[in-house]
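You will see subunit A twice below: alongside subunit B first, and alongside subunit C after that.
And then the complex of A and B:
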């Protein structure tokens, strides 16, 4: 019993530290990108195009991870790309969470017509293919950082709303909620003080997952050239460019892809780790 | 005049199916009224109706719930909430879901003292400590800082009892408070509730399906079948000479603990048929088809 508990804690701890470590590193990189990036990420040098990373013969050691077909430094572009990726992850993740969780909580606890309206809305929303929907949306409202964030919120709020609604419904049926009602607590008070704390672990997990998804969506939109202006380095844009020259210069595709992969993985693992940490029974 | 007076309370599901049929019962101050019946008879629904926590699907169509003379159902919702909060409390059935798992125990007891009665937090905490000591919880200080999952089921039920008595309510609805506990703990909890009730002079509506429990703690008793009160009597009268055939059959069906070999006596088919006919007749009289 005691062993099982400490084991869970240790594993959760390692997962938490590794993923949080990567994300903290990423945040620092994003903040300090102009200072630590070895080159200007926008500077082209056609004579230095498609230089391989430093360990491959023929490399220029000043371009650690090589250059793309226009001679821009891959490492510097990845570091600068972290800025957009993290901004999108944080802002759209939080906004999606706020919208979705609020609606889910209302539907799950208030029930009645509020639930009917919100649930039908979720059903309708889920019938759209999300990626197509976002591409269509951006095409209509025009590219740009604000548009990406808005698109992610509009597409993904249902992810929170559905799960939070179900959890709020389950919690709302518990006797402690009935006791709070007898004790004269209002609906808002019950939602915020009684139900929300019990749904919070789920919300946190969803939030971190959502941040990972936001990074992917941003990459997809960059890939299809609907993100922000093409000059600014984005991971998705780099992957799209790298795809064209995959046989001549694999590094242009592979390094941003690996960064993207670890970032998304870290977000989801952070969520799992935090969930174990938050769980009042395991704590 | 009784503190709680329910008159002709009728409630239906949203599809028109009756849940409570013309229920009338009263609980005098400091009196313990038992409410027995098989599952689905509507025992808990009466308690929930009094406390204003009926499920959304149940609608009260008729009747009065008078608390200290005031009909709760005639009050605007906010005022009703306030009245119930000031003078009523619940001892719930399942101690495992009746405390919020992500909040510490202490604030869950003191909340209503602070919110409804306007006590200061330190006064409320002192009061909670005293009450926890009264329900024989060792180290009340430590328990108040604990999360519910750190405590046993029996402990949690004691906390809920302390919490119910905290605001000195006039009426407590105990909704099968011992059903979720194992037999050894049941007896202690029952004794505890009876003792607290006597000391605090609280009126108690004791919902249960266990006639043994009724004989120990209650003074008066209502027997419910299909949401209808078939017998309203004092407990001594009930156990010596139950009036209604269904009550007699229910009493006869009580297992005899002294003879483990004896087979259980079910309520006879004829009695069920008769009581159902009675319910149907009442429905016809009330024009419910």
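And then the complex of A and C:
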């Protein structure tokens, strides 16, 4: 029994470090992109279109991972794309968390009509297909970084609200909350000082998972050509181009796809790893 | 009595949800910049032409008036006319629905098969390296969404080893004798196995992409509840009776462990249906989701409304059915 537990712990630790490592690397890449990218990610060179990566014959070694149909350097575009991906992950993740957790906390602790209204809204939101909803919202508010972040917040707040509401409800029924009330703490004080700290581990796990989801949503919107402008390097935009020219130039799809895959995997494994860390039974 | 009252309140809640969805879509898409009427007319149209057409689609009235007119139509089974194709929205949407339903159900079946086999194998070989391997594969399948699995499958089985088709629903040059749009189902009924094979070859990869994340959820949950069941007394009893491990897992434990998994599958199935939107786009599969994205791009307001409402009806309908089935299967609720 003890053995199995330490094994789980060790495996979870490795998972946590690997995913955190990849994300730290990505942050460094995003910060240093202009310095480490070998080429200008926007520079087109129609004579160097669809060059394969360096190990394939016919490659130009100065384009390490090859070029797309307009002759732009795939590696440089991936490195620069990390900036947008991480910005979306961080900003929309935090904003979604703030909105969703606040509403969930209010619904779960205050109950009454506040809970009725918020729960009804959650039900309505759950009846929307999320991808279609996001595409519709971008069509309404127009493309651009701000719109993407806003769309993610509008769609995904329910992820936090649902879970936090349930947890706040469970915490609100506990003795320590009752004694805080008797001690004369106000409702806002109880929510922020008593309940929030106990729900925080769950919120942190959800936030990590949400960042991974945000990266995917941005990629999907770029894929249907609704994200930023088509020139700016985004992983989703590169994937869309790669999907279209898949039989002529597989590398345009493969490299951004691998990057996106490990990024999403890392966010989600980090979340799962943190969940185990916070779990008092495993700890 | 209690069941009946619960059912009624569920139905009322569902109606409120659908009404909310309708209001939100209706208002949202009317804020969309870009005039759909201007896109319909040839260059050189006079201002009167524009005004006439705007009036024809009722776009000159206030949003509240438009909603009332639209709502009356919907209750009478009329969802309006598509602006781009000028066909009734209901016909268009129902024409595409079978494609999406077939894809979703095929994906659901695949997810249950993969998840079930993974859970049973993991339970049978617990404590071995194989179980560890299954757990890791499960974790990965769970972490990465259908969109990325779709792209990976396209690369592996569409390009690297071109076994399956990666776009469309059927090879366009084939002669189709179908009277319904349930191609997969009808080709089987007509015993046209050549067509059936072609359709399956088109559907396999998108269905698998949708199935992978769900199969991981099913596998994880089923394995967990099998694990709990294996510690129960009646399993120990079966063991002392001398039954083999395979018999115990398949015949004794599975029956008890499967119920909690099944209730979860219902909710997850709605997420899977939501995933068809982008997966259909990725595989150029002519279903509802693909049509929805086109409708948004073309600013086809009546069509967008119709599709979103239909999705909402499917989602709430699936949830309703799951709750009812659970109530019927659960003896404590049935006899209350």
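Heads up, the rule we're going with is that the second predicted complex is superposed on the first by the 268 of 283 C-alpha atoms of A that agree within 3 Å, B and C clash if a C-alpha of one lies under 4 Å from a C-alpha of the other, contacts with A are read in each partner's own complex, and residues count from 1 in each chain.
By our rule, contacts are C-beta pairs under 8 Å (C-beta built on N, C-alpha and C of every residue); 3 or more make two chains touch, one makes a residue touch a chain.
Since the structure is predicted, the reported quantities are computational estimates derived from the model, not experimental observations.
Superposition of the two complexes onto subunit A shows subunit B and subunit C fitting side by side, with no clash.
By the touch criterion stated above, A:188 is placed in contact with neither subunit B nor subunit C.
In the superposition on chain A, A:254 makes contact with subunit C only, not with subunit B. With both structures placed on the common chain, the touch criterion links A:179 to subunit B but leaves subunit C unconnected. By the touch criterion stated above, A:46 is placed in contact with neither subunit B nor subunit C.
In the superposition on chain A, contact of A:246 is made with subunit C only, not with subunit B. In the superposed model, the angle subtended at the C-alpha centre of subunit A by the C-alpha centres of subunit B and subunit C comes to 90 degrees, rounded to the nearest 10.
Shared-chain residue A:140: touches subunit C; no touch with subunit B. The partner of subunit A that touches more of its residues, comparing subunit B with subunit C, is C. Superposition on the common chain A brings subunit B within a closest Cα-Cα distance of 16 Å of subunit C. Remark: subunit A residues 120-121, 123-124, 126-132, 135-137, 139-140, 142, 212-213, 216, 219-220, 223-224, 239, 243, 246-247, 250, 253-254, 257, 260-261, 264-265, 268-269, 272 touch subunit C in the complex.
Interface of subunit A with subunit B (complex): residues 111-112, 174-176, 178-185, 194, 197-198, 200, 280-281. Chain contact summary for the complex, subunit B toward subunit A: residues 48, 51-53, 56, 81-82, 84-86, 88-90, 92-94, 97-103, 108, 111-112, 115-116, 147, 149, 163. On the side of subunit C, the complex with subunit A involves touching residues 13, 16-18, 20-21, 24-25, 28-29, 31-33, 139-140, 142-145, 147-148, 151-152, 154-155, 158-159, 270, 273-275, 277-278, 281-282, 289, 292-293, 296-297, 299, 304, 307-308, 311-312, 315-316.
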